[in-house]
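Quick heads-up: structures coming right below.
Two complexes, one shared chain (subunit A), two partners (subunit B, subunit C).
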Partner chain A sequence: MKILIEREPLMASIQNVMKAISSKTTIPILSGIKFEANEQEVKLTGSNSDITIESVISREEDGIVNIHEIIPGQIVVQAKFLPEIIRKLPDNQIEIQVDDDMNINIRSGHAEFKLNGQDPEEYPQLPVLQTENSFDIQIDLLKMLIRQTNFAVSTSETRPILTGVHIKLDNNELGLVATDSHRLASRKITIDQVENLSFNNVVIPGKSLSELNKILEDTQDTLQISVTDNQILFRTKHLYFLSRLLDGNYPETSRLIPDQSKTVMKVNSKDLIQSIDRASLLAKDNRNNIVKLVTQGQQNIQITSHSPEIGQVEELLQTISIEGEEIKISFNAKYMIDALRAIDSEQVLINFTGAMRPFVIRPEEESEQILQLVTPVRTY
Partner chain B sequence: MKRKGRIIYHVDMNSFYASVEMAYRPELKGKPVAIAGNPEERRGIVVTSSYEARAKGVKTTMPLWQAYDHYPELIVLKPNFDRYREASRSMFSILSKFTPIVQPVSIDEGYMDVTDYVGNRNPVELAKSIQKRILDELDLPSSIGIAPNKFLAKMASNMKKPLGITVLRKREIKDKLWNLPIGEMYGVGQKTEEKLRKIDIETIGNLAQKDVLTLKNLLGINGERLHQRANGIDDRPVDPDAVNEFKSIGNSTTLPYDMTDQTEINKVFMQLSEKVAARMDRKGVVSENIQIMIRYHDRKTITRSKQLTQFVETTNEIVTIAKQLFQQHWNEEPIRLLGVTAQHLTPKDEMAKQLDLFNYEKDAEKEELYLAVDKIKEKYGKDAFIKPKDHQAELNTSFQKDFLNEYKEK
Partner chain C sequence: MGKIVQLPDELSNKIAAGEVVERPASVVKELLENSVDANSQWIKIELEEAGLRSIKIIDDGDGIDPDDCETAFFRHATSKIEDEFDLFRVKTLGFRGEALASISSVSQLTLRTSTGDQSGNELVVHGGDIKDKQKHTKRKGTEIIVENLFYNTPARLKYLKTIHTELGHVTDTINKMALSHPDIRFECYHNGKRIFFSPGNGNLLQVIQQIYGKKIAQNMLQLEDDSLDYKVSGYICKPEVTRSNRNFISLIVNGRFIKNPVINKAIFDGYHTFLPIGRYPIVILQIEMDPYLVDVNVHPAKTEVRFSKEKELFDVVKQSIYDVLHKQRLIPSGAKKEKPKSTQTTLSFDPMTRQDKTHDEKEQLEDIGHGFHIQESFTSHFDDADNHPVENGQKPPYPNDIGSESEELDEETERMPLMYPIGQLHGTYILAQNEKGLYMIDQHAAQERIKYEFFKKKLGDPPNEVQALSVPISFEFTGKEAIIIEEHKEAFERVGLFLEPFGDYSYIVRSYPSWFPNGEEEQIIRDMVEDLIQNRSIDIEKIREEAAILMSCKRSIKANHYLNHQEMEYLLSELRTCHDPFTCPHGRPIVIHFSEYELQRMFKRIM
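== the complex of A and B ==
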């Protein structure tokens, strides 16, 4: 195998597949990147037990030449040093040559690295996804969906199923839900041309989605999503991102969302974020990062927090309106800020149903199909 | 069979640090000795002093130079805390041989509840034998107050020093207690003393006879408490757990025979968890780390613990984790002893509970009740609610165990 390739596309590809490579892998060959070259392109693969990423570099694209020379072949290269080597090579063109004994020769300008390769035959065969369950989605939209839900997945393994984002497609509506059992993020969008397609109980590991989100660039290109029983594939022109799905039944979450409320507050979300952020400066020290919100009349809320050793903070915030009963409620400041940031709307509506019941945050414009649920903290 | 009243001892070591030094260096006995930080520099202050030094006017917290002024030949020693801790442990170890219900209050004093252990003996004779044993074995003098409650016992031990034994009966408080100046009352600090003197309370007797309402207005909840104490009323139990305040609460039991039967073992875990949960409830704490102990037939002992993400407090929560740990770590050999310990304890009033989306209803159901409780607490103070308890039943549980282990293990 031999390729003469431009540094930039190679570097980008390596960085993409590196997202799937774990330094702690139990299968030694998976600590490497697989290179496959054919006449038209070079494909790089990185994998761990949860995700597999393939990144394709075309010989030429949109009139720009990426690869100047290809002699087809395959090799697995140790991933640990590769990104640094490629980054620091002196010239913008890089030649990678592999001999029959799997010795790798990387040359650029006057620099030459000789690396030991591994047998590509030993690299696990990747499953070929056979499915009719495919639909297209715009990349920037997908990234937004991930950003608005994925933060709420659980980081604790006590209920493994909650470490993933639940997705559901039904009646042209795609719904994502994530919850760590303390807060819940839900987002729905309408998707065209999927009349015959529906699935439920597809749970993607949160880690997979955050890696995917890092790799995907914010463009309006489309991406294809294919779902099977135990895997999900995200495919763009140059990228294959395959993730395992989580086993088990995702809990029914729709019943968790209160359908009535006793107090409705409309507030400028930036003001609220800033105020809670300030209060949480002291709250970070206490266990649950607790901030207390108390309504005062029909206009104002008081945000307070205290830490026994440090001190306390108090702030009065004017809302747009408060309707219904008075409320005194404590919650984790981080959950509230995460939720408000995810909604990303100028004004939000917060519906409370009591100090010990979850409250719902929605954007003021009801058309937006996003909802955040936060469970309060009970103070003794 | 229930006794009429309790018999509480307050054991107070006499000028403890100085006495420990004298026990180490008998040549110092009978001499004026003071313990002070930085004896060389003359800038230190007197931490404690022997009775001989006190007789010459040396007082605790007095700067050294001033102490030397009073008595130039004063022997000043650097504190040797390891020595004092060691002596303290030995002292409490002796006390715990008489009754498991010992509550250390500080390094050199503690309460004992001997109600159920005094038997047919005369309480004064029993106190004498305790005092004698501490003196014989450790060469340390102590004073013991004997009374029906902690407050009176504390006041009594202070009445005769060194090597005193004082009985203070409730009917004697008019003669023995009420004539003392108010500042000498345990629980009355400088600030409180000033306030009380302003309303012409000069003696403990004045306080006892003052109407509660005035005192409550002046000192809040504490006013009522002091009024009761001055009248010889104090129902605080002697609490051995106070020593390991908020460290851990554990129970263990040696099995009647070596067990391998899972059902039997689960039963034992249930009983142990019940005890731990009851003790946690009594202390008003919750835990976020549960540990189990398994001792096998060959005395090989392992402990395994699990760090939790949520606080636990109920029997069910504790037993579930204990059984889980057991499943993971039992090597299926016969077991001689099992233990369950709740660690990383947090007092409830300092904690908050992040409610869970899937089961918040449990807490939410009681919201109205909590609101009402909060209102009452705001109005009447935190102690407005006390769970009713059977004192006798408490004594039967092994809640003193871990405290005692600390001394027994030595």
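== the complex of A and C ==
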């Protein structure tokens, strides 16, 4: 194999596939990047137990020549040193040559690296994905969906299914739900051009989604999503992002969301975030990060927190309106702030159903199908 | 007039007693040693108030000749050695001739003894003075009653602890004696209640069971080894059983219970990487050697000894423990251990050994039914009818199922069985199965072990590069340290460390080996010097090994990390190739096994 390639596209590709490569792997060959060159393009692959990323560099694109010379072949290169080597090579054109004994020669300017390659035959076969169950989505929209839900997934493998985001497509409506059993984030959007496609119980690992979010650039280009029984593929022009799906049944979450409430509060989101953030300064030491919210009359709420060893904080906040019963409720400040930030709306509606029941946060404009549920902390 | 006077005997005896008789436990120790030296088969100890009120020791030993009865109480009077030649070949536990004299000088003592062929004698000694002497029955053996210990030395009495503490010390002494002499039957009563009993049939494991309990006895591994000069035997615990202090290490040299930091070190080295940090094994080690090779005459309490060939002994102990542990399949069992009465052997489908299995099979089949041995009962050994006790209906307290239980393996069979992964639990443990049952594997510990062995090999041979220093590091040592450094300068130079004298006891270092971790050069050099002063050798391996442990831990997958099937299979097969696949470098277990039988028991499929 031999390629003569420009540094920029190569570097970008390497950085993308590196997202899938972990320094801690039980199969040593997965700590490498697989290079595959054919007449038209060079494909780089990185993989771990959760995801596989393939990045394609075309020989020529939009009149710009990326690769000057290709002799087809395959090789697996140790990933640990590769990004630094490529970044620091003296010249913008890089020649990578592999001999029959899998010795890799990287040449640029007068610098030459000789690396030991690994046998591409040993690299695990990656599944070929059918692309029948596919739909398109705009990249920036997908990124927002991920941002609004993915933070709520569980980080503990004790209940593996909760470490993923549940995705459902039905009647042109795409719904995402994530919960770690203390809070829940739910988001729905309508997509066009989906003909008779529907699926339920697709659960994507949270880690995969956050890697995907990092790789994708905020553009309005579309991205194709294909779903099979145990894998999901996100495909853009140059990038294949394949993730496993989590096994098992996602718990039914629709019943968790209360449909009525005793207290409805309308509040300026930014003010509330800042106030809770201040209160949580003292609460952070505490394991639960508890902040207490007490309504005072029809207008004001009091946010307090106290930590016996440090001291206490109290703040009075003016809301836009409070309807219904008085309420005294304690909750984890981090969950609340995460939820408010995810909603990203100027004003939010919070529906309480008593101090012991979960409460629901929605943006003021009901049209947006976003909902955040937070369970209170019981204090006694 | 001169000020120097010769102290009266009474006073000098009390001074000597200060060294020998410190507390009731020391009295018990001295008297038990006498009984053991007198070839007793059976020794009974009766205590009242932890021995503060009275200690009574009865044995069936040789007894004291009527003519010797009074001489025995003289200082430096002994029947155990005769001349200087004997002193360096002490075969008995005692030899100093001080015990009786010391004890009798600080207590009210009654001695009843007979050699069995003529009438016995009774002697009453109070504070060293013989008060009474008369004839007694001719039961062979000796009976000594020590009452009101320290009644005439209030200072000593004042420092005694509570009854419980003192009783603890006494039982400790008796335990040690029983471990050293499994062929002697010991019985101990406190305020009329039996608190300890050893069968005296020579089976050390049963003594261990009496002292530490059945569960520990079941988890002991037998050890036997000898070299030219030393014969080492005893029991060591499996790594799954540990204690938080080193008091559970019993060293017995020629029947004498001793303490020795060097042998302790050898034991810990043998257990290296098998024990978690800060945990210690239970070990009972009997070492037999020519009495000439050991000097007992170091301290009156005789728990310290000096060995002539300490290094060889160190190596034998370390190696024998290492060998025992490396022959075992050390997979702790998840459930309470219950042995099936018989086991059906199964065919092994390990592809590696398929060919040579067939002829073994016949033998294996013949073994069925021999698995369960019934130990013969001990009751027949109890002949003296009067004072012992197999209480009616009560079963003798030794069970018959504590034979050596662990699977000892031939060289060919692998220590880590072939396991097939089922899945992953909580992102932390791999569940695997084979025909023998269920295995749980800690994925982090497993990979840590694999990486550790890899890095240890890699670090074993670092490049000989030396980093020069523009400003040398200077070290100051004490005079004693400097002498040792001078003596071992070459050893440092071999490692790549050149110490230049710089003033009296100061040295400067202008360069150091480049593999020293950054920023810790000075500390490492200091540690090396300290290590040298303690052990008289530089153990570079150890310093490198610590680095390897650190590296392996950091580079391994952690808990809470999803693995797919392929990765699990790979991890398990790598683990099988490890030299020590049972514990991680910090000594935590890697694999836990639930046998099919145990699972069936747990689900009450078999009762």
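Just so it is clear, the second predicted complex is superposed on the first by the 378 of 380 C-alpha atoms of A that agree within 3 Å, B and C clash if a C-alpha of one lies under 4 Å from a C-alpha of the other, contacts with A are read in each partner's own complex, and residues count from 1 in each chain.
By our rule, contacts are C-beta pairs under 8 Å (C-beta built on N, C-alpha and C of every residue); 3 or more make two chains touch, one makes a residue touch a chain.
Predicted model only: the values in this text are computed from it and were never measured.
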Touched partner set for A:184, first subunit B, second subunit C, both or neither: first
Partner chain(s) touched by A:111 [first = subunit B, second = subunit C, both, neither]: neither
Contacts of A:316 with subunit B and subunit C, given as first, second, both or neither: neither
Contacts of A:281 with subunit B and subunit C, given as first, second, both or neither: neither
Which superposed partner A:256 touches (first subunit B, second subunit C, both, neither): first
Which of subunit B and subunit C A:377 touches, first, second, both or neither: first
First, second, both or neither for A:158, with subunit B first and subunit C second: both
Which superposed partner A:126 touches (first subunit B, second subunit C, both, neither): neither
Residues of subunit A touched, compared between subunit B and subunit C (which is higher): B
Which of subunit B and subunit C A:65 touches, first, second, both or neither: neither
Contact residues common to both interfaces of subunit A (with subunit B and with subunit C): 156, 158
Subunit B - residues contacting subunit A, complex: 309, 346, 348-358, 360, 363-364, 367, 370-371
Residue ranges of subunit A in contact with subunit C within the complex: 23-27, 49-50, 124, 155-158, 160, 205, 244
Residues of subunit A touching subunit B in the complex: 156, 158, 179, 181-184, 251, 256, 286-288, 290, 308, 330, 332, 354-358, 373, 375-380
Touching residues on subunit C, where the partner in the complex is subunit A: 424, 426-428, 443, 447, 555-564, 566-568, 570-571, 574
